[in-house]
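What follows is a pair of complexes built around subunit A, which joins subunit B in one and subunit C in the other.
And now, the complex of A and B:
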């Protein structure tokens, strides 16, 4: 450990820490563009100048490691003047097209100009012009004029993904970011360069002109795209519904979690939210198949479904839960299954194409909560069938009632004909899910569930980390969170009153399932807890 | 209140006296001017609106218009500053890609709901492109429905600035639900 003084405050930090990080620990912000804690130090932007002891020349904070007894000042007139001059230098060739720039509102040029710039511009010459609105790949749009050449994106592609598509070309004020010849910025993590770009040089093609960022609200969440459980922020727009074609969720952004995803998320996860505001969403409970289908209210559908569940013998009912559901839902489903004495319970449905996996974040299991389903015990009971066995039994009319959650069985690895035969043969098919799919049309009863951004809950990732996600927007139409639907069904089946909230479900889960013992929403905080079991 | 004022009739008669005095004074002045050809006598007149319009101050905030570029396309770049600053939330802009990357952004839709507008002029102040102005001199916008109060991009682009005395240069836009023969 090293002791040093920053702006008169003493602090002890680990050896090798740089001045920016040491100052951050004291709550002192040293402005910077090129430095990023997840990347190597470049020392490009020169904005993080600080004064060291009696050294007459200010030094950059990012590339200066702390030393014993060091005296750092970040607020002297000399430092402030240097910052102002460097801001002016960065903005010399900046086009100042904030009105059309998607970064406006979250741009570090705007923020630092207001904090550390505020100079009278002296630039009288014609600005250097560079390519604008150049797509670099499927997700990233480049505006070379706005770039301040911090090289964060170049270092990201070199160091994090190791793909090295980007480079800085040309010299002097004509330097610009670009792709190496014949390359495309299409690696599975390409959109992270948008997040780390401090200015509007790299913007999101998916989010392009969709919503101005100051209309967005944020909710903390967990990416449901795979079993990694990357921490994310859901940015949603409900203030100006005419923007973004009425879609409420505008974009997902990674949220820092040192133990899970650090600063990054993959592109598949980032753009995997479109189903939330998709026209395929199920808006109301429905009964009847095909042309006879009619939308009904919850008070009508709940007694109908409970009557069906009571009508059949426990070994005539099959339940296929989904690893896309939250721990709270699993707990209530488990309680219901145990109450009815059902034995055919499963949650595993193999996908048609096996998921890809890499060493960075992406996991082959594309479900966020497989581990939770395992731990809460939604596998087959002794003597019970697994999901495929249930389909076969349904075809042979041994299983008469099938209750499927979220899965599109038609898109599974199983032959579509086999699935179709089973669903046609079954007497009562209950589908519970957020979106219509290949099997929902065959359902006798449709229970619309809320998407993950429309509710509270927790997922358990592949390593047993329980992480919380928060509600961002209201459930679409009449849809309800899965735990709420299961709570209502449970109450109708005589399992006591409906739980009041997802938190209450989790509390009951923690009290009854050993691996979750001692956990609560408060205990989980923002970053989650790894289960001891 | 004094005793005399409490006798209502006295005050009424005083009021009638003032009205009558103005009436006869103006009658005299008009007679002097129009019958006897006096050049100095000038009676009070009413503007014969709408045939005759009072000159408006150039600062008057009248119906909005969208300023055009030389090729007739809107100067607006859909930055949403006016939409953001609007206290009445009456501006609805949807942005689209402009084929020229130097312009980059263009409004695909630009609606102003005049039924909600409070004519504060903040949109004009906020605009970084001088793309919206309230200088058409048009004050006559009414409609039989709420829908008819929504003025679209095409309507707003078609308007011209008023003459220096505030006379509108463009015809008053007639909402879809208000045909001239009605």
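And now, the complex of A and C:
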């Protein structure tokens, strides 16, 4: 450990820490553009100047490592003057097109200019012109005039993905970011360059011109796209419902978690939220198949479904849970299954094409909570059938009631005919899920689930880390969180009062399932906890 | 007339050949060096007061001493032959007329610092020097002066000649290293300095052509002799590239204790046509401009430093009374705007901006506040960049305006 003083405050930090990070610990922000803790030090923007001891020349904080007894000042007149100068240099060739720039409102040129601006423009000559609105790949749009050439995007592609699509071409004030010949910015993590771009040079083609960022609210969440459980922020717009074609979820952004995803998420996860505001959402409970289908209220559907569950012998009922459900849902489902004495329970449905995986974040298991389903005991039981076995038994009319959560069985690895035969043969098919799919239309009873952004809950990732996600927006239509539906069904089946909240479900889970013992939402905090088992 | 050392053979036909180099005593310094311990050579170079002749004027022996002791991996010697400072053309003469002096200097220097691989980074536009030097390297290999077990000494040295692609910034030692590594020629953040982590991550010494050409002579005739040729803080002679309004432009080798006045009026023959001297750039375009009455200064590193300018690359650009200083500033500013590598913000943005302002003034569209804006932008940017490029540009920006402000104001008033 090294002890040093920053702006008169003493602090002890690990050897090798730079001044920006050491100051951050003291709550002192050293303005910077090119420095990013997840990338190598470039020292290009020159904004993070600080004064060191008696050195008359300010030094950059990013490339200065702490030393014992170092005296750092980040607030001297000299430092402030240098910041102002550097800000002027950053802006003289900038188009100042904030009113039409997507970055406005979250732009570090705006933020630092408010603090350190010169406010007296001296540049009267023609600015340097560069290419604008250049698609770099499927997700990223470049405006080279807005670029401050911090090289974060270049370093990301060199150092994090190792794909090296981007470079800085030409020199002097004609320098510009660009693709190497024949390349496209299409790596599986390409959109992270938008997040780390401190200005409006790289914008999101999916988000461009959709919503002004100051209308967005944020909820902490977990990406449901695979078993990694990347920490994310859900940016949603409910203040201007007429923007963005009424879609409430505007974008997902990575949220730092040192143990899980650091600063990044993959593109598949980032753009995997579209189902939330999709027309395929199931907005109300429904009974009856095909033309006879009829939307009903929860008061009506709950007794109908419980009656079905009571009508059949336990060995005539099959339950196919989904690893997209939360731990809280699994807990209530497990309780219900045990109460009814059901023996055919499973949650695994293999996808038609195996998931891709890499050594960065992406996991082959495209479900967020396979581990939770395993730990809470929703796998096949001794003597019970697995999911495919249930389908075959349904075809043979040995299983008469099938309750499927979320899965589109038609998109599974199983032959479509096998699935179709089973669903045609089964007497009672209950589908519970957020969106209609290849099998939902065949259901006798539809129980509409809230999407993950419409509820609280927890997922257990591949390494057994239990992580919370928070409700961002209200459930669409009449849909309810799976735990709420299961709570109502449970109450109707005599399992006692419905739990009051997802947190209450988790509390009960922690009290009954050994791996979760001792955990609580409070305990999980923002970054989750790895189960000891 | 002072003794010529580096240029002594320049007038001889075939001065670039190994035969002639040997006939005139070449490779004798190498024999002496091989009889010494490497550390003794470094010590001798330190005592000689040899200073880097590429621009920065750093003591060469001291630089060699920065290498980590007992480094387990390779150490490299890199010769900076990317002579790009406007007004400088001395290394070109050395490469073309005495390439073996550089090769002998490299072998001795590499032996001193423990390098077995040396790179010579030659400016891309220097086609003829590259050809001639390349032939000399081939000759040296054939004669057993390069390669394995040189002259039975047990010392190995290979030389790679690499051509630049036309960027001034690749003469900055870390920009040169980046370029040599196959990357964009961007200077690197310091620390670490090249002596600790240089080319391909290995400890590296980067020296200028002329600097290394002095080394065989220091071996031959001793540090005391070399130091005695110069001033207290800088030994030896130096090659001055004289261009502009003089009767005999060219390269002149003089002891560093000579004065700028004697260089211009005695050696280069003074100003032609009876015109008067207006200003002199004494050390390449990055040096602070001297007015006609500021030329009674010695040409050594410290002499010119004390005069508020720098010896730099010893490129002396002479301007007579017909020169418009605002136009000269515009030309210089265009050069720096064109050559800024663009890596760090102050230099990338302000070189272009200052050029635009200078051009506007020359075009008669200057505004009263432009001069102070140029001065302020130059001062604010100085000292904030990764390398010395912008600080070099600041020399002309400020001195041209401060010393000839009336010429600028006359253009703005019009």
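Quick note on the criterion: the second predicted complex is superposed on the first by the 531 of 533 C-alpha atoms of A that agree within 3 Å, B and C clash if a C-alpha of one lies under 4 Å from a C-alpha of the other, contacts with A are read in each partner's own complex, and residues count from 1 in each chain.
One rule holds in what follows: contacts are C-beta pairs under 8 Å (C-beta built on N, C-alpha and C of every residue); 3 or more make two chains touch, one makes a residue touch a chain.
All figures in this text were calculated on a predicted structure; none of them were measured in a lab.
Undergrad: Looking at the combined model built on subunit A, do subunit B and subunit C fit side by side or clash?
TA: Subunit B and subunit C fit side by side in the superposed model.
Undergrad: Let me test your reading of the model: by the given contact rule, A:441 touches which partner, first (subunit B), second (subunit C), both or neither?
TA: A:441: touches no partner chain.
Undergrad: Figure out whether A:219 sits in contact with subunit B (first) or subunit C (second), or with both, or with neither.
TA: In the superposition, A:219 contacts neither subunit B nor subunit C.
Undergrad: Now for A:97: first (subunit B), second (subunit C), both, or neither, which partner does it touch?
TA: A:97 contacts subunit B only, not subunit C.
Undergrad: When the two structures are laid over each other on chain A, which of subunit B and subunit C touches more residues of subunit A?
TA: Comparing touch counts on subunit A for subunit B and subunit C gives C.
Undergrad: Look at A:495 in the shared chain and tell me whether it touches subunit B only, subunit C only, both, or neither; answer first, second, both or neither.
TA: Neither: A:495 stays clear of subunit B and subunit C.
Undergrad: Classify the contacts of A:58 with the two partner chains as first (subunit B alone), second (subunit C alone), both, or neither.
TA: In the superposition, A:58 contacts subunit C only.
Undergrad: Is A:132 in contact with subunit B, with subunit C, with both, or with neither (first, second, both, neither)?
TA: first
Undergrad: Given the superposition on chain A, what is the angle at the CA centre of subunit A with arms to the CA centres of subunit B and subunit C, as a multiple of 10 degrees?
TA: Roughly 90 degrees separate the directions to subunit B and subunit C.
Undergrad: For the overlay built on chain A, what is the smallest gap between any CA atom of subunit B and any CA atom of subunit C, in Å?
TA: In the combined three-chain model, subunit B comes within 22 Å of subunit C at the C-alpha level.
Undergrad: Across the two complexes, find the residues of subunit A that touch subunit B and also touch subunit C.
TA: On subunit A, no residue contacts both subunit B in one structure and subunit C in the other.
Undergrad: In their shared complex, at which residues does subunit C touch subunit A?
TA: These residues of subunit C touch subunit A: 167, 169, 184, 189, 191, 337-346, 348-353, 356-357, 360, 367, 369, 373, 380-381, 383-386.
Undergrad: Which of the residues in subunit B end up touching subunit A in this complex?
TA: Where subunit B meets subunit A, its residues are 77-81, 83-84, 92, 94-97, 101-105, 109, 128-129.
Undergrad: So in the complex, which bits of subunit A are touching subunit C?
TA: Contacts found on subunit A: 41-47, 49, 57-58, 63, 81-82, 85-86, 88-90, 92-93, 122-126, 128, 148-149, 167-168, 170-175.
Undergrad: Write out the stretch or stretches of subunit A touching subunit B in their complex.
TA: Residues 97-100, 104, 131-133, 208-209, 212, 214-215, 240, 242-243.
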